[in-house]
Amino acid sequence: MTEERVISANKPNEKSDHKKRNFIRLNFNERVQHMIFLICFIILALTGFMIKLPEDIVSKFGEAKTVVFYYRGILHRIAGVTMILVSLYHVFYLLFKPAGRRWLVDMLPKLKDLHDMLGTMLYYVRLREKPPEYDRFYYKQKMEYGALIAGATLMSVTGLLLWTEQMWPKFILDIAIIVHGMEAILACLAIMVWHMYEVHLKPRKFPIDNLWITGVIDEEEMMEEFPLHYKKIMADPDLQKIFVQQEKEEVRRPRRIFARGSQ
Amino acid sequence: MAKFVNGVKKVPTLFLKRLPIFLLKVLYILPFLLFGIWLLKLVYFPHEVPQVEAKKAGETSQVAGEDGIFKKILLQKDVVPREHFHMVDEFVSRPETVHPTCLTCHGTYPHSKEKKVRSILNFHAGFIACSVCHAREKHDEHLVYFAWVDRETGAISKQRKGEYGKYPANIFPIQIAKGVRTRIFRPVSEEAAQQFLLYKDKYTPDQVAQAKAKLHQHISSKPVFCSDCHKKDGYLDFKELGFPKQRIDYLNSTEIVGMIEKYKKFYLPSKIDFGAEEAVE
Amino acid sequence: MRFYGLMIVKSCMLAAILVMLHTGVTYAQGDVLPDTENCLLCHRYPNMGRYDKAGNKKIYYVNEKMFAKSVHGKLRCKSCHAGLDEIPHTNVKKVDCSSKCHIKEPSTGKEFSHENMVKKYQRSVHGADSATNPKKHPEDLPTCKYCHDNPMYRPPRDIWGKSEALSNETLARCMGCHTASQWAERFYAHFTHRMRKRRSQTEVVRLCTSCHEDQEKMARHGLESIETYKDTYHWIQVEYGVENAPDCFSCHVPLGYSAHDIRPRTDRISPINMTNRVKTCSNLGGMQSCHPGATKEFATGRVHAYGMKAQLMAAKNNKNFREEQDVTLVVERAEKDFSPEEVFHYKILKLLRLFYKLLIASIISFMLVHQVLDYMASRRHHKSH
């Protein structure tokens, strides 16, 4: 109960002059990384699964199929290399940039995540009235991030192995083929079920959460989704400098295409 | 959800408001859902990898012997059998809308008994309906004459182009009633044939024989033979059928008939030109 | 599929030829047969034929125009169909491609015959039942006609003008001296025919699979069906029509030999013999270097996916294996083909696949349940506000 009171105390009074604050979730650098990774991922998925198409669909390409196949291979490699470079940059970013280091610290799994997860489950099945208060990254995001790192590493390694196939024993390549294929399927399914739901299909997010372009969310959403982090920011002026958008001019979140559910 | 107020169906506005979003969501999800299902299929049902265990040697050959040939017949659809060396063309497998009823049971090559002439008679079946030669007795009762009937439309046609049996028409007997050409004369009705095929399996051998006799009651015991046509003023009036004179002479030549009738052992006749280059026009 | 494989190949060629006939190509002229034996008197009629005792269709029709345009177009019927002087043709002999056919082979002046090819073929893995090469089921093995129909001289439309050898200019140089244009064109067609692959990769694969995908037939010879090829990247390339993509011939025909010389893997010249593998994969000296830097480890691996034989070998440790399986040829050959190491590899790969199947199933179902709950919860939450 006390926690709730804190939130309501901090809640900006709509009628007052108090300006709406936007909270930075992704800075410019991170948004660019996300964008490149996203494009690469789509290209890789499309060009990669093309070789699994059934025969009768391939035959419908007609004469064009040879050209299609040629560019498929080239595109897949270009996108793959780009993705590896972005991933390497991200490691550099995590280790050598202050924002990156903060990201890394916040992203590290903690005991609280386990509690959060349990609490959320209880909340889902109505055994708890409120979801737990999440910090900057909650357990879902951490799991997704971990899966991304593991997946990208496996895909890169096996991809490079297959690219330089003549140097390796066939057994290694056989393993690489299975891992590359299965991991790709796993990644696509996970992205579709986990991530796309989160940013597209979730109530009030449809058709898309603008976060990936603007990088900010408003105070209301911040309070609702990351209450703990919100409280931490509000209590610490240093953090405010980082996470609260400086208001040079009136920056507003682009209007949603559809009105939010029933309010 | 729907409530009746004053007899008017009232749908809650909330539902209406959210309907387009719901539809959009469905539209949005659908491609991903299909893609996801396909991916799952790739993992769990990749394709029919041969899971069959090696069979015992005896088993394999037995199976092949039991249902091999009949299974093959069912599966064989190729017009030209595998291992046919000579390139043949589409005329071997021409689909025909109007064709003699007999072919339903007797197949493309109905003649098989008489070794000497079966293949030769079979090629005649490519452009002469069976009833022309096999239902001659009936001709005395009905007034019948022979004409080319289009394979596709069934209309009597005079215009024939094509070479050596590749005509777009077949010769059929046509019934004439009161001086008007009525219809193609069919000694066996298609319906009867279909019915027979339906009941055939239930019949005893005796019943089959009975049915066959009934089915073939209008079929002559003595069909028209080569020399009945291939002679001057023969069974078929080549002129009325529209053959040019050169071709008629060729068809009536002793060379053709003699080849079949006279020679037991013979040396194939060397090329005699009766204007064979010019097909029926 | 297995029944139509060859049919498709044949009908593709037939279609090409029909197009050629209708467009009136000036190439390889002469569509009227001299027919000095007057065989066409009867055999020109499309319905000439009968059913044999087994119920198979025997087509006795010969298309005059197509035959005239074929490589055998200058031969008389009796050159191949020996005997043949009675009606019905009961005394006709089976066509023997190794017989001599009264055409002079210009380099030796001797009578021409396909005997050389037939002899080579008999020595090959497909050769039927010769003294040196005994076979248990000779009736399964492909005869000449299985792969060859009467080949037509096809105009090299696709490659015409793309090389100096195949161009109007070159043909014109021949015609300078050889003024009988029909002869010159035929001769030119004869050797340009050999300057390119007769069949596309897809056609080759279809031809080979028309037999090799028949599991029962292959089991009689101790082989597994060829589905295993379709699990390779090689096939995907062929499927997409990549130029010079590896078809069956690329790896199974010894370098410098023709398709008639396919040998078993134990043979010294077989390109899939372990001693030749590096050369085969790198294809040094061939048209195209496929894997130029191929190492021995890479080249000696299993190219086709693991199939039935691997399954059998993996199940071999079962105590009842012998009794269950009997000793079939497949097991016998699998024991020769598979080293214990490879069986181990197969097992690992199988486990890996199983691991991923479980992993994907558990992760995705967890996620699905989680998201559905989340959806319901957030709907609830927003409604209450």
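Letters are used for the chains, namely A, B and C, taken in the order the chains are written, and counting of residues starts over at 1 for each.
Everything below uses one rule, namely that contacts are C-beta pairs under 8 Å (C-beta built on N, C-alpha and C of every residue); 3 or more make two chains touch, one makes a residue touch a chain.
The model shown is predicted, which means the values in this text are computed figures rather than measured ones.
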Chain occupying the middle, per Cα centroid: C
Chain located farthest away, centre of chain A as origin (C-alpha): B
Rounded Å distance, chain B centre to chain C centre (Cα mean): 32
Distance from chain B to chain A - Cα centre to Cα centre, in angstrom: 64
Chain A and chain C, separation of their C-alpha mean positions in angstrom: 50
For chain A, residues that touch 2 or more chains besides their own: 182, 185, 189, 193, 201, 261-262
Multi-chain contact sites of chain C, meaning residues that touch two or more partners: 356, 360
Numbers and ranges of chain B residues touching at least 2 other chains: 40, 43
Touch list for chain B against partner chain C, complex: 40, 43-44, 47-57, 60-61, 63-64, 69, 72-73, 75-78, 80-92, 94, 107-109, 111-112, 115-120, 122-127, 163-166, 256, 259-260, 263, 265-272
Residues of chain C defined as touching chain A within the complex: 233, 236-237, 239-243, 281-282, 291-295, 297-298, 300-303, 345, 348-349, 352-353, 356, 359-360, 363-364, 367-368, 370-371, 373-379, 382-383, 385
Residues of chain C defined as touching chain B within the complex: 3-4, 6-7, 10, 13-14, 17-18, 35-39, 41-42, 44-51, 54-63, 66-67, 70, 84-88, 90, 95, 143, 145-146, 148-150, 152, 210, 215-216, 219-220, 224-225, 227, 230-231, 307-308, 311-312, 325-326, 328-331, 356-357, 360
In the complex with chain C, residue positions of chain A that touch it: 51, 55, 58, 61, 65-66, 68-70, 121, 123-125, 131, 140, 165-171, 173-175, 178-179, 182-183, 185-186, 189-190, 193-194, 197, 201-204, 261-263
Residue ranges of chain B touching chain A (in the complex, touch as defined): 14, 18, 21, 24-25, 28-29, 32, 35-36, 39-40, 42-43
